[in-house]
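Presented below are the structures under discussion, each in the form of structure tokens.
In what comes next, chain A is part of two complexes: it sits with chain B in the first one and with chain C in the second one.
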Partner chain A sequence: MAPSMGLRFLLSSIIFITLNVCSLGLFEDEFHEELFIKPLPTGHIYTHFQFTTTWEVELRRKDEFLHYHLFPKALGEVLAKFSVQELHLTLTQGLWRHEKWGYPLVDAPPGAELWVWFQPGTSNVNETWTDLINVLSGMFCASLNYMDAKNTVCPKLSFRPRGATSGWFSKTSTHLLRYAALPRENVCTENLTPWKKLLPCGSKAGVASLFNSIKLYDTNYHSLGIHFRPVCTNSDCTSTSVELSQTLSAVLEPTIFNHGRQDWSLKKLFGRMIGTVCPVAQTSTIFVDVTSNKMSNYQFTLNPAPNTVENFRRGRTEHSYAIYDIRQFTERSRVLDLSAKYNQAITYSQVAPPVLYVHRFQTGSGREKGGIVSLLHNTHPSQDLVVVYMEVIPWFLHTYLHTLQVDTFTAEMTHIGINGTTLKPLHLHYVPGKDRQRPYHLELVLRLPAKSVTRLSMQFERALLKWTEYPPDANHGFYVNSAVISAMLPDDTADYVALPQFSARISAILSGNESLSGRQFVNLHTETLLVMLPTPDFSMPYNVICLACTVVAIAFGSIHNLTTRRFTAVDPTAKGLLAKLKAKLPFLRRKKEGKEKGASEGEGEGEGVLGQEDTGQSEATS
Partner chain B sequence: MCVVVGVPLWWKTTTVYRVQLPYSEIADLNTSRVTFVVDFTVTVFDERFDAQDLSQFANKLKESLDAAGKVDDRLHVEYRGKVREAYEEELLLLRQMRSVEVDNTVVDFDHELYMAKLDSDNSEYTFTVLPPSKLDKAVVGKQRVSHLPAMGDLGSLVEPLSHLLRHVYINEAAMLKTFLWARGARRTQPDKESMRAFRSHPGYDVTFTLMNPQPDLLQVEWHIQDAVDAYLGRLLKALSPYADISVKSQCVHYTGLGIRPVKDDTRNCYKLKHEKLPHVINAIEPYLSSHVSNNPSLNFIVYVPSRDQSPLHITDANDDLSTTDAFLSPRWGGVLVYNVATPPENATYPHKVMLDMRRVMEVFVSQLRLLLGVNPQTASGDVTVLQPGNNIISEWELDQWLCGRCLENIASAAATLQALAQLLAEIGNIVINDDIGHEVQVAVSAIKKSKEFLSLGRLNDAFLSSKQAIISSEKAFFDPSLLELLYFPEDQKFAIYIPLFLPISIPVILSIMSSVKWLRSKDEIKVKSE
Partner chain C sequence: MAYPMLITVSAGIILRLWLHASTLGEWLSDKNEVSTPLTSWKRVTEGLALYKAGVSPYSGDIFHEMPLMLRFLHYINSLWGPAIYIVFVFTDFVTAIVLERIAKHCGRHLLVEQKKNVKTFSTDAQKILVKSSDLRYTRLQVVAIYLFNPYSVITCLAKSTAIFNNLAIALTILYTLKGKRSKACLSLAVASYISMYPIMLVVPTAIFIARQEVPEKTWTSSLTYGSIMQTLLCSCSALSFLLYYSYCLEGSWDFISSTYGFILSVPDLTPNIGIFWYFFTEMFEHFRLFFLCVFQINVFIYTVPLSIKLRDHPVFLMYTLITIMAIFKSYPSYADASLYLALLPLWTHTFSHMRNSFIVACMFIACSVLAPVQWYLWIYAGSANANFYFAITLVYATAQILLLTDLIFAFLRREYDLVHGLKPQVNGQPAQVVLS
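Presenting the complex of A and B:
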């Protein structure tokens, strides 16, 4: 009984997404640019650029996706052609450390991740997905075309639509959803350039003018994102519009270039300042999270002073954001260089981890078998957490469901691994992989007890690949996707503010809707794994060919010689080549003559010399 | 045993799968003649002529057209006409037509005649011979009807009539040129017209782009949706059975021209020099590509000059200002420089500007006609051509376009198949799978069908078949499975065999050399002994 109850509760909290208010102006489309800056307790600075374009068109009517104003035409064409309901693409370099940094506004795994809901009525979803990934891969200069059937799954519970949906999507069927991730994908400027091109002002004006590739890619974490979804245009949700949210997150470390001090400024972080706003943007805003000023002794002052400081409650925590309207600061060709100065140098201490965080690693040794272990930490003092855990394991790691073991340990125990109690998953969805066709896909619903660590482990066997299936640099190893954990956090979670569902804009966080201050949805991605597979010596076949051929050739040569030559007695008076040579050199001749004299005296005549002669020669002499 | 089992097994596992293709038919397609039949009717309204005059005229006309019909050994136009007297209803229409000079009455008559639909379905060309009191000059109507004044006797009409038919309606010379060009005959020198228009394609993407390099100063807006509906709607509707044309638009901010205009102090403006124009489109190019379509894209750019380069004009080779401030880039699209007035002193920025879509679309419609390859109306001195007006393309122009495209499709599909057949013959290792075989079959039969329809004078069906032919032939030619061609490239075979054959060949060659030597010496001995 308990599992089904838990499942129902979870579904009700994750699946049924109802949208509340969305106020739009009179214009058909609008664009907002926002920058969110949050100093992290480890001395890092989290910066999140949020560009939101909303356009009042009916998603299902393709003939409305013809005339574009602020919405990028290149992307709009793709979305209309492939009947996309929702699209979420992230390209990330580096790992977000939840344990130390808390939760980001948009979570993303290292590498590339794409999940797409197609519109109901899409005839051949697999084919549409294949076409879509090929187009997107060309558009963003990323190897998304490798997201083929071999690493694509239809998650049952983890990825529900994020936007306004018709009743159709509230059913549990997910055959219109596709999810794939490429953990090995590298992200660099060649991905940023096409991403920037989708912005109405590019990087020529507004907060996007801070994009300085040298600084942006010299960071601890960097993530680009494109999120497309339909949203409601009014409170009753009688009509919908589409929302494109482009995000860029970067975690920078000012302490490195600042002699250990945490002070920062836009100029120091990005090497640039903001001189203009994007003129087509409805709002251009910078938000600085100043909540930590109230919590600790280490306080920073912002210069210039913000327009306003807004306080709002989320759960039991009071948050405050300093807000800058860039338009006011850049009037009359002034530039805005936002800076923060701390009152004292910070001595870092251990950071309190967030409510839920996960570590994942590989176990086992040798190149035959191994295991994957995830440790799910629930640090909440009193509440259990229901989470959905999703794992997509490539087909070449043969995973066995019977080896799946979930144990939970209370936090008092120092050693995880002894005296655990077995935890029964509330729900389990498992699709075994097929060689060269589909990956192993596991989804679990778990109830994590309060103040506990849950250990989830699975064993796998490494497969032998065909020699053409190895990538270049095969000894580097093979990556395994991040596991994805989805959960609704209890309302007293400190230090986390999720974006509300009705809008991707940061200002929507402040809109003070009381119904929002409840439980918050969080999506976590774990570390990726690097697995070594048994790798052959690729030059071996050629070596074998060469060696075998040489042996054959040597054998052939001697047999050929033996069969085609005849051994005959050579007339000792007929001088060979060596004798002729000797005859020509007077010194040698003298010596030899002396020797021959002695020899003939001792042994007499009749000395036969066996000489090899070619058949032709011997015939000729005879 | 080894041989009995091994040889067939080896043969089976190493043969390349190749579907049999109709090679001889493909070769025939490329050499056989295309015959095109044109049906027309001459309706004589002038009551001075009797039945005998008419039949005499018909014979004369037939003779004259038969002599001219053979355009080339590869392309043959056959004119098939009949001459008749006007029906009562038609005469009634004529009587309603009042005077001679006023153009409108001809237009009305033209229209009424078309609406009356007396000749079956109006798909034939019709020439009306009107009494000179009603008309003083030949007029080409909007549909497929031309009006000729009967100045002298009927015989004098043979010349202008066959001129209209051959050089206005059919335009034999242009047709032959497209046909030969598509066939890949490099001997024909490309001319301006054939270089300008896009080659025949099943679809085109038309994109209108508004470029505003200074959105902080000017907020430029346009009613593009309404303009497209109003100015292009009928054209798109007329072409929709034949080509899949999609029209889209976008706004691009903060992107300027690729070059700096030169300041002209005497005229107090900035100018873009004629020879620099090709560089202009480079800066915009990244915003124009489409990721979802393989169709050629026609780009129409409206550029609102930035304030520091305004007003901006285009100059021609003689340094004269262009009247339209627009230019056309062959097989690419067109650019219009749209100068807007300087905002007033006390304006709040960004200053709102609304574009006059009539001014924009006038330019782009004429450019679109050229780019699609609708030949401009050839109005010579003694012929008036009625303007198609809102339709943008008159029916006979559409016929001409269809005919040209159809011939081009036939020729290029045949040439593609020929190239494919040649490639497959040259490289024996290429796999030809069933899909390719099927596409080739479809293309071959579609070309044949299209030719048959042409010889029956059914242009519509001929075009649709030729479109099918070109789609199938391109699909077969660009099938990705052809690229996975070589099971084992020749150089790799060499790399594997050389460690074996090189050491083995050394003793073999040496012994061959010595046996040759021995044979020679044996001959010498024989000679000596003799």
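Presenting the complex of A and C:
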């Protein structure tokens, strides 16, 4: 028996190994994990985790979405079922400050934002969208089910497909796009846990092992992202693959713990060090942006030294990244604790703002009216910028299009608010909102002059909602979505490196593939607004119903009396029915007789007697 | 007579033009007592801007005027531009003239009816018969009250489109009094086209015109019936024509849900001087449809008993229906009150029997002064809450109801006095006249 057992074991292991080898060849997917660290001039550290899974399947072929290897099955099934062409979901806590920090690799508004392109041929897009948000809501433990028709819009100019599509598709099929955002959504560990589960190694190995909820949710800004899109497999784009990139961005501030020194290390930032590499990852890399070391005397040294430092040019600026191959640093059970030490304490100074940044705020006082003002700054010295500005205003803020004013203030004007020149939008798309059905949707294409501030203002009126439509904390206010600004920045924009179109991997930035003209796409989200609405008295439903119905009853009763009764002349001394009944009761009669006797003694007149006689008479006649 | 009238009318116009030169109009056009979602000029401007931009104003929830009104306002806006207040002052002037004509014809009608019925009156009623000398100042009073009533001045300054509604209703009354069926039905159709509620006025119009055409027949005769049906048919066909023409202009029936549907279903709960908004803000969702139906039926239902009771006095019936509309419509404003207050001098012969006039006057004044104060405290200062403003609306509604019921009581009492004499007696004793 033993030899056959051994033979059986050998056979099964041969089959197993063959299958594995074959499957590796069959499943043409690859997984890359990357960590990007960039120190910001304000003393913050921007860390960006990028997990990219590329899978060579045709998006349209649903039968290929059956056998999953590195691509998460939970997500893949959802995407296949709802015929999703592209999906971009971000869950963010905090506001990215473009004026101080520049541009992130992936921009996200506070709260939740979801925009989805559905595949051509999807029959009922609204229904599919509703089903999709409910499924995603369950999957990510976020209240995405609130992204119903009251919140969702179909942008015409913004949010063009980020992946590989045909030009025909994007121009004619905007009805396949849906966008919604929930500014009030909170992000916490419950959202991180299912997100981590989508990674091939989870958070057990590789860069993802740095995820420490206590440290991550104590940051100035953190954002989770899921981005799914089709990409070209080769440079001819004869076939497409699907790419899933999961991103986690966090902005931390080491200077407040280090006595003003911007020194950082993985241990200090995340509380952990990298000990292992995800075995199924093809590459596992850390990129540290060391460009600032060349700019000034304020420099840092990295420990351990990087594998390589690569330079590349974007516009007029030469950027350099220090690259660490984590596999090399963690073999033989070593642990990588990347740290940086600065040569001096930080000097807080004026930070040069980027080319385009936007501030948005609300105006007005009281809870009746108000206004939204956006200030778009173009700091480029010579070039005009064409931007697409999109705003989604909830239905309960009745927005008036005729109050939309766009003024430009050039650098000579010191005060914004007087004598601006009116800027006519190049294109305007406006969908008025409907109460409880649709929000107000405005998209503008503006040409911002060089070195100018453009002010966009609009007035709204606040609606009084039904008392059940207020959240439990009614006086907290209601949130208004961020405005979204999309632009192509000119070639010579310093200090902005965007992820290239063809790949979401950070290493693709360094690939030297300069098929782009150098112009880079940037997407900005502004601040969300918190608007107070007038509130009714929530303790009053019953009282209000009673009082209003009483007033109606006054009218009804009086008119009923006037129309159903006639005027008649009656004897004023004749007693009514009740008095007659009382008169019949012997006890009361005796009491009355006694009273009348007293009255007649006091007054000495015969009226009481007369009254009695009258009573007798009326009793006789009635 | 001509000189005082001329002076009054000129003074009214000059007052409006002078006040339009100040910023009072802008401040007033934001006040919810004057501008409702149906009549606000800001919303009209928004609708016109959307119309010019090629977006249908009915696709949003801001604009609630009918398509023909949209085109009419677009036309006058393109013609007059910033001087559009002249159109509103002119409309007020025309309404004042129409009211003066109404006063004249109503007085004449009153004397004619009195002469017809004088045989049925008691001899004692000589004192309370209306003489033409009593009616001498009615016309001046009506015009003066309309032009100088703060409610109508405010409505004109705020550029509320309820002015056009008032003009249409006034024209309906005028043509009814003149007995011209087609014109009365046309102006009635225009009034109910602009705002839905004046359709109730078809009943008094039909009754009046039937009485004019068939004076001696009873109510059940086929001639009377034929006359009434003719009036009904005429006004319904005029209204249907207007609606069909709007459908042709718009290309779809979407505008119905934005106009009539909006008036009936009250989705916008912006506070105003009526009783609907807070009631439906605090309504349990379960019962919303039920109470909506109750409140809308409440507006129309008074037509039935009042028409039966006041079938011999169709002008007074029309007046009471206008008042009921102003109290119970879904989005009332001061404009609706200004119309029936202007026509109050038509019934001065009944004032001696009114019991609550002082209280009603005080309530009106108190409400008008306190309403903006409570609004400010709730919305801007934050030191009051919605209940304060709601209380003012309740008091205002009660004041109007007391005025109406008092007037109906006084009218019916005077009718009783005409027939039974001023001092009725029972069993030789002075008697009390009560309703029973």
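Going forward, the second predicted complex is superposed on the first by the 506 of 622 C-alpha atoms of A that agree within 3 Å, B and C clash if a C-alpha of one lies under 4 Å from a C-alpha of the other, contacts with A are read in each partner's own complex, and residues count from 1 in each chain.
Going forward, contacts are C-beta pairs under 8 Å (C-beta built on N, C-alpha and C of every residue); 3 or more make two chains touch, one makes a residue touch a chain.
Here the structure is a predicted model, which means the values were calculated and not measured.
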First, second, both or neither for A:Ala149, with chain B first and chain C second: neither
Partner chain(s) touched by A:Ala450 [first = chain B, second = chain C, both, neither]: neither
Chain B versus chain C as contact partner of A:Thr468, first or second or both or neither: second
First (chain B), second (chain C), both or neither touched by A:Gly433: second
Dominant contact partner of chain A by residue count, chain C or chain B: C
Which of chain B and chain C A:Ser365 touches, first, second, both or neither: second
Chain B versus chain C as contact partner of A:Ile545, first or second or both or neither: both
Touched partner set for A:Val351, first chain B, second chain C, both or neither: neither
Partner chain(s) touched by A:Tyr68 [first = chain B, second = chain C, both, neither]: first
Which superposed partner A:Val373 touches (first chain B, second chain C, both, neither): neither
Overlap of the chain B and chain C footprints on chain A, listed as residue numbers: 545, 552, 554, 556, 560-561, 564
Complex contacts: residues of chain A adjacent to chain C: 365-369, 395, 398, 400-402, 428, 430-436, 440, 461, 463-468, 534-537, 540-541, 544-545, 547-548, 551-552, 554-556, 558-573
Touching residues (chain side chain B, partner chain A) in the complex: 207, 215-216, 219, 224-225, 228, 246-251, 253-255, 286-287, 289-293, 350, 495-496, 499-500, 502-504, 506-508, 511, 514-515, 517-518, 521-522, 525
Complex contact set, residues of chain A against chain B: 66-70, 73-74, 77-78, 81-82, 135, 138-139, 197, 200-202, 204-205, 276, 279-280, 542, 545-546, 549-550, 552-554, 556-557, 560-561, 564, 614-617, 619-620
Chain A contact footprint on chain C (complex, rising order): 30, 42, 45-46, 48-50, 53, 55, 59-62, 267-271, 275, 277-285, 291, 295, 298, 302, 305-306, 308-309, 324, 327-328, 378-380, 382, 385-387, 390, 394, 397-398, 401-402, 404-405, 408-409, 412-413, 416, 420, 424-427, 429-436
